[in-house]
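Letters are used for the chains, namely A, B, C, D, E and F, taken in the order the chains are written, and counting of residues starts over at 1 for each.
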Amino acid sequence: MQDLPISHFPVVERQRCSEDLQKLFAELEATLGFVPNVIRAFAWREPRFWKWWAHRNDLMAPSDGLSKADREMVALVVSAANDCLYCMTSHGYAVRVLLGDPVAGERITLDYRRAGLDARTLAMLDYAVKITRCPAECALEDVEGLRKHGFRDEDIWDIAEIAAMYNYTNRLASATGMLPNPEYHGLAR
Amino acid sequence: MQDLPISHFPVVERQRCSEDLQKLFAELEATLGFVPNVIRAFAWREPRFWKWWAHRNDLMAPSDGLSKADREMVALVVSAANDCLYCMTSHGYAVRVLLGDPVAGERITLDYRRAGLDARTLAMLDYAVKITRCPAECALEDVEGLRKHGFRDEDIWDIAEIAAMYNYTNRLASATGMLPNPEYHGLAR
Amino acid sequence: MQDLPISHFPVVERQRCSEDLQKLFAELEATLGFVPNVIRAFAWREPRFWKWWAHRNDLMAPSDGLSKADREMVALVVSAANDCLYCMTSHGYAVRVLLGDPVAGERITLDYRRAGLDARTLAMLDYAVKITRCPAECALEDVEGLRKHGFRDEDIWDIAEIAAMYNYTNRLASATGMLPNPEYHGLAR
Amino acid sequence: MQDLPISHFPVVERQRCSEDLQKLFAELEATLGFVPNVIRAFAWREPRFWKWWAHRNDLMAPSDGLSKADREMVALVVSAANDCLYCMTSHGYAVRVLLGDPVAGERITLDYRRAGLDARTLAMLDYAVKITRCPAECALEDVEGLRKHGFRDEDIWDIAEIAAMYNYTNRLASATGMLPNPEYHGLAR
Amino acid sequence: MQDLPISHFPVVERQRCSEDLQKLFAELEATLGFVPNVIRAFAWREPRFWKWWAHRNDLMAPSDGLSKADREMVALVVSAANDCLYCMTSHGYAVRVLLGDPVAGERITLDYRRAGLDARTLAMLDYAVKITRCPAECALEDVEGLRKHGFRDEDIWDIAEIAAMYNYTNRLASATGMLPNPEYHGLAR
Amino acid sequence: MQDLPISHFPVVERQRCSEDLQKLFAELEATLGFVPNVIRAFAWREPRFWKWWAHRNDLMAPSDGLSKADREMVALVVSAANDCLYCMTSHGYAVRVLLGDPVAGERITLDYRRAGLDARTLAMLDYAVKITRCPAECALEDVEGLRKHGFRDEDIWDIAEIAAMYNYTNRLASATGMLPNPEYHGLAR
C-alpha cells in the first residue's frame, strides 16, 4: 500500500498553524489521541473551518431526545450511503465507542439493517438514508412516522439536519481527497 | 392550487422572533423585498440558524477567482441535481439577476448544458454535479482538470465546498418541507 | 451566454418554407406571438412534420374528462422527468397560462409534488411519470387506481398516450438539439 | 399459462370495426397472416389510431441511406431498452425476417452488442439506446460521430425520430397492457 | 452478421479434450443434439469445470416441492435481469420445452410479469429477481411471504441458491464472452 | 443490539452434524479459532454444501499469477459492491491478515480506490466490480486491458470466476440471512 497525502490541497505544517488551531490540536490529542486529518486538511482555509466547526459541534451535541450515539449513528449511515471512506472510518470509530459494542459499530458501518437495532433507531436511520438518497421524495408523512416512534419535533429536525450536514461533510472529504488517520482503524475493536 | 405551509415544523410568528432576527428581516426586505422562507422556517432553531448563516455567507462571498455569479451557478446546478424546489427557485432568481440574463438563468436551472456557457464555466458546473451525484468517484484528476481551466486551488476548494454546502441545504429544505416565497417566481424575468 | 443554433440539423429559412408552413407560422404569430422553434427545426422534413402535428394536436384537444390544462400538465411532468429543456420551457409556459397561476406553473415544472395539487391531479401525474420512468412496471392496477379517482377509460388512455407522446417529443428535441424560443421564458410570469 | 386479454381497455369486435379498419385487417391477414393486436387494441380510438399509423408508416419506409432492416433494428433495440414485451416480440420477428437470419434477429432482441454486427450498425444502435436511456445527455458530438460512419443528416434524423417513436409506442403498449399475437413467437425461426 | 468466437479464452479442440469430457459430449449430443458452448468454453479449465458442473446439476435436479420447470424459470428470469445472452438463450429453450409452451417460454424470457403465470410462480420469480437486483434488501419477510404460498424451507433455500448460482453463471458467461449455440434459437418454437 | 439468529433457515446443532462436517469444524477451530457461520448455516443442506465448498476452495487456491491475497481482494470488493455484510466481514478479515496491513484491509473493504493500491491491483479490482455491476457490458477489451497489466489468461479467467463466485455467495448469504461470527470484527486489527 502506497502512502497517500491526506488532501489534494495544501496542508499547513502544524507549527505554522494559528494559535487557536494549535490549541484545538492539543485538546484533541489529549482526548482522542491524535488530530483528525479533516482539521489538518481544512486548516489552510481557517476562517471557513471555524464556521463549519461551530455548526457541526452544535449539531452533534446530545439532547434529551437524541443522544450522542444517535447522532453519530445518523452521521455513520449517511456516510455509508455516500461511500465516504473518511467519515465511515471516523464515525464508525465513534459509534463503536459510544455503543460500547465494537461488533454493532462495525455492522452499522457495513449494513445497519443487519445490526440488531430496535425499531425506533431503524426508523431514524431509514429516514437519514432517505434524505441522503432521494431528498425530493421526503414528505410530511416521514415526519409523522417518526413522531409515532416518540421523536419530538426538535429531534426530527436534528435527524434531518445531521443527515444534511454529513451530505456536506462526505462530499467535501471525498472531493478534496481527505484520508482518515490510520489510528481510527484499530481503536475500540 | 392549495396553499401549503412553508415548513413541516413550527414557524415562529415574526413579531415573536428575536431582535437579531427581526433586524435581519428588515435588511432583507430592504434589499430583496421580502424575507426568504428558509429563514422563517429555520427561526425556531435560532442558535443553529446563525451558525449555518455565518458559514453560508462566508462561502458565497465573491473572490478574485470565483465571482458571485459563479458561486450562485454552482448552488443552482447542485440544487437541480437534487431536485430541490426551494433552492432551484431562490438560486434560479439569483442567477437571473447576477447574469443580467433571465433566459440564461432559467436554462441553467433546467439544463445547464444547453445554456450556451463557456468551457470554463461548464467544467466548474460538471464538477459540482459530479460531487453531488457520485462523490466517492471524485479524484485528484478532477482537481487537475480544473487547474487546467485556470482555477486556483482556493477556487477549486470553494467550488467543492459550495457544492457540498448545497447538498446540505437542499436536503434540509426538502426534508423539512420548506417552500419558496411566491415572489421569487416572477422576479427578474 | 453564447448564442446557440436551434437545431443540429439544417433549418429552412422562413421565406423558403412551403405555403402551408408559412400559413401556420402566421397563425402562430397571431395567437402566440412567435413561431415555436420545434416547427422551424422540423420544417426540413415537412411531410413528416405534418403527420406528427396532426397526431399531437388531436391528442392535446380538450375533452369532457381531461381539460387542456390537464393535458399540458401531463406533457410538462413527463418533460421534467426526461430533463427536456425545450419541452419544460414551452409546456411550462402553457401551464402557467392555462392555470392562470404562474407560481403553480413553475412549481409543476420543478417539482409537481410540491405544487399544492389535488389528489386527482397528483394521481394523473404520478401515472404519467411511472409510464415515463418504468413503463414495463405499469399494470392493470394503475388503470384501476385512476378509475377510482373518477377518470373514465377514455381519459386514462389519453393520459397514457400523452405521456407516451412526450416521451417521443422530448427525445426528438433533445437528440436533435432543439432550443426553445427565448420569448417563452418571460411570458405569463 | 393463463389466457390474458390483449388490452386493459375495451377491444372492439372485428365485425363492429369501421370499413377502413376492416380493409386494413384484410390486407394484414393477406401479407402477415394475422391482425397485429396493437391495431385491435387501438381500434376503440380509431381517429387517433390513423394519425399514429400514418406517422409510423412514413417513418418506417426505407430510404437510400436507411434500409427497412436498419429501421426495424432501431425499433427493436429501443423496445429492448424499455423492456416492452409487445414490441420486442413484433419487431424481433420483423428483424428475423428482414435479415433473413433468425439467430442474429434473436440476438439483437436479447443483446445487440453480442450479435456480430458491423461498426456502422452498432453506432446507429448505440445512438438509439442513448436517446432512450439518457436523452438529455445527447449532444452535437453524437450527430458528428454518426456522420463519420457515413450517415447523412436525413438518416441521422430518422434514427433519432424512430428511436423517439418507439419510446412512444413502447410506453403506450406497456401502459395499456397490449399483448403480442402468439403467432409472432414461432415465425421465422 | 459476423461469426464470433464462442469465448475470449482458448477453446480446446474436441478431440484433445479428456475422455471424461468426450463422454459428456457424447451424452449431450444424444439427448440435446449438440454440446452446449459453455462446456466447450470451460474445457480449458477442466478440474474447475467439473466442480461447477456437480454443484449446478445437484441444484437443478427436481424435488417434490420445486419442479425442473420451476428451477429453469428461476434461472431464466435471473439471466434476463442480468441481460445474459448465453443464459437467456439456453434456459429460454429449456423453459419452452419443460412448459411445453413456446409462447409462455419466450414471454418469460422477455417479461415474466406478462406471461400469465399463477401467483405462486410469480412470487417465486419476484424473489429471484429481488435477490439478483438488490440482495442486501432481502429479509426474513421475503422468506415468510414464500411460506404463505406453500413453499417449504427446502424449496425457498433452493430458489435462493438457484438465483445465486445464475448470478455466478451469468457473470462468468458475460465476462468470458461465451456465445450460445445457434441451434438453441430455433428449437421448441 | 438484539441478538439475531445466524440464518432464516434451520441450523443443525453441532453434535448432530455428520462426522465429515464435525471434522471440518475441528480443523477450522484449530486454524481460524471458530467455525464460520456460513458452514453452520449451510449444514442442513450438507450434500449441496460440499459441492460448493469444493468449487470455492479450488477457486481460492493461490497460483503463480494470482496470490491468495489477490483472490481475497477480488472477493472483498465484489462483496462490498453487493453490500454483503457477511462476506465484507469475513473477507475483510482475510485481507487484513494476508496483506499484513489492517489499515489497507479496512480501506479496501470501505473504498478500494482510496487504499493506495498499485495500478495492476486496481485494474484487477475494477474488472471485478464491472463484472458485478454491469456484466453484460463486459467485452474483449476488458480482457485485453488486463493482459497489458501482465495478467495471463488463466489469471484473468480466475479473476472473472472469483468475481462471479462471490456474486453467488453474497446473494446466498444475504437472502438466507447469514450473519458473520462476531469474532471476525476484532481480529487482525
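Convention: contacts are C-beta pairs under 8 Å (C-beta built on N, C-alpha and C of every residue); 3 or more make two chains touch, one makes a residue touch a chain.
What you see is a predicted model; the values in this text were computed from it and never measured.
Student: Report which interface contains more C-beta contacts, comparing E-F against D-E.
Tutor: Pair with more contacting C-beta pairs, E-F versus D-E: E-F.
Student: How big is the rotation relating chain B to chain D when the fit is done on Cα atoms? Please round to the nearest 5 degrees.
Tutor: Roughly 120 degrees of rotation.
Student: Please identify which of C-D, D-E or B-C repeats the interface of A-B; the criterion is that more than half of the contact pairs agree.
Tutor: It is C-D that reproduces the contact pattern of A-B.
Student: Chain D and chain C are one sequence twice: same or different residues at the contact, by the over-half rule?
Tutor: Both copies touch with mostly the same residues.
Student: Could you put a whole-Å number on the gap between the CA centroids of chain A and chain C?
Tutor: 44
Student: Using mean CA coordinates as chain centres, what's the chain A-chain F distance in Å?
Tutor: Spacing between the chain centres: roughly 29 Å.
Student: CA centre of chain A versus CA centre of chain D: separation in Å?
Tutor: About 51 Å separates the centre of chain A from that of chain D.
Student: What are the residues of chain D that contact at least two other chains?
Tutor: Correct list: 83, 85, 111, 136, 139.
Student: Spell out the residues on chain E that touch chain F in their complex, using ranges where they run on.
Tutor: Listed in rising order, the residues are 8-10, 45, 47-48, 51-52, 54-55, 58-59, 82-85, 131-132, 135-136, 138-140, 142-143, 153-154, 156-157, 160-161, 163-165, 167-172, 174-177.
Student: Hey, which residues of chain F end up touching chain A in the complex?
Tutor: 1-4, 83, 85, 88-89, 99, 101-104, 106-107, 109-111, 114-118, 179, 182, 185-186, 189
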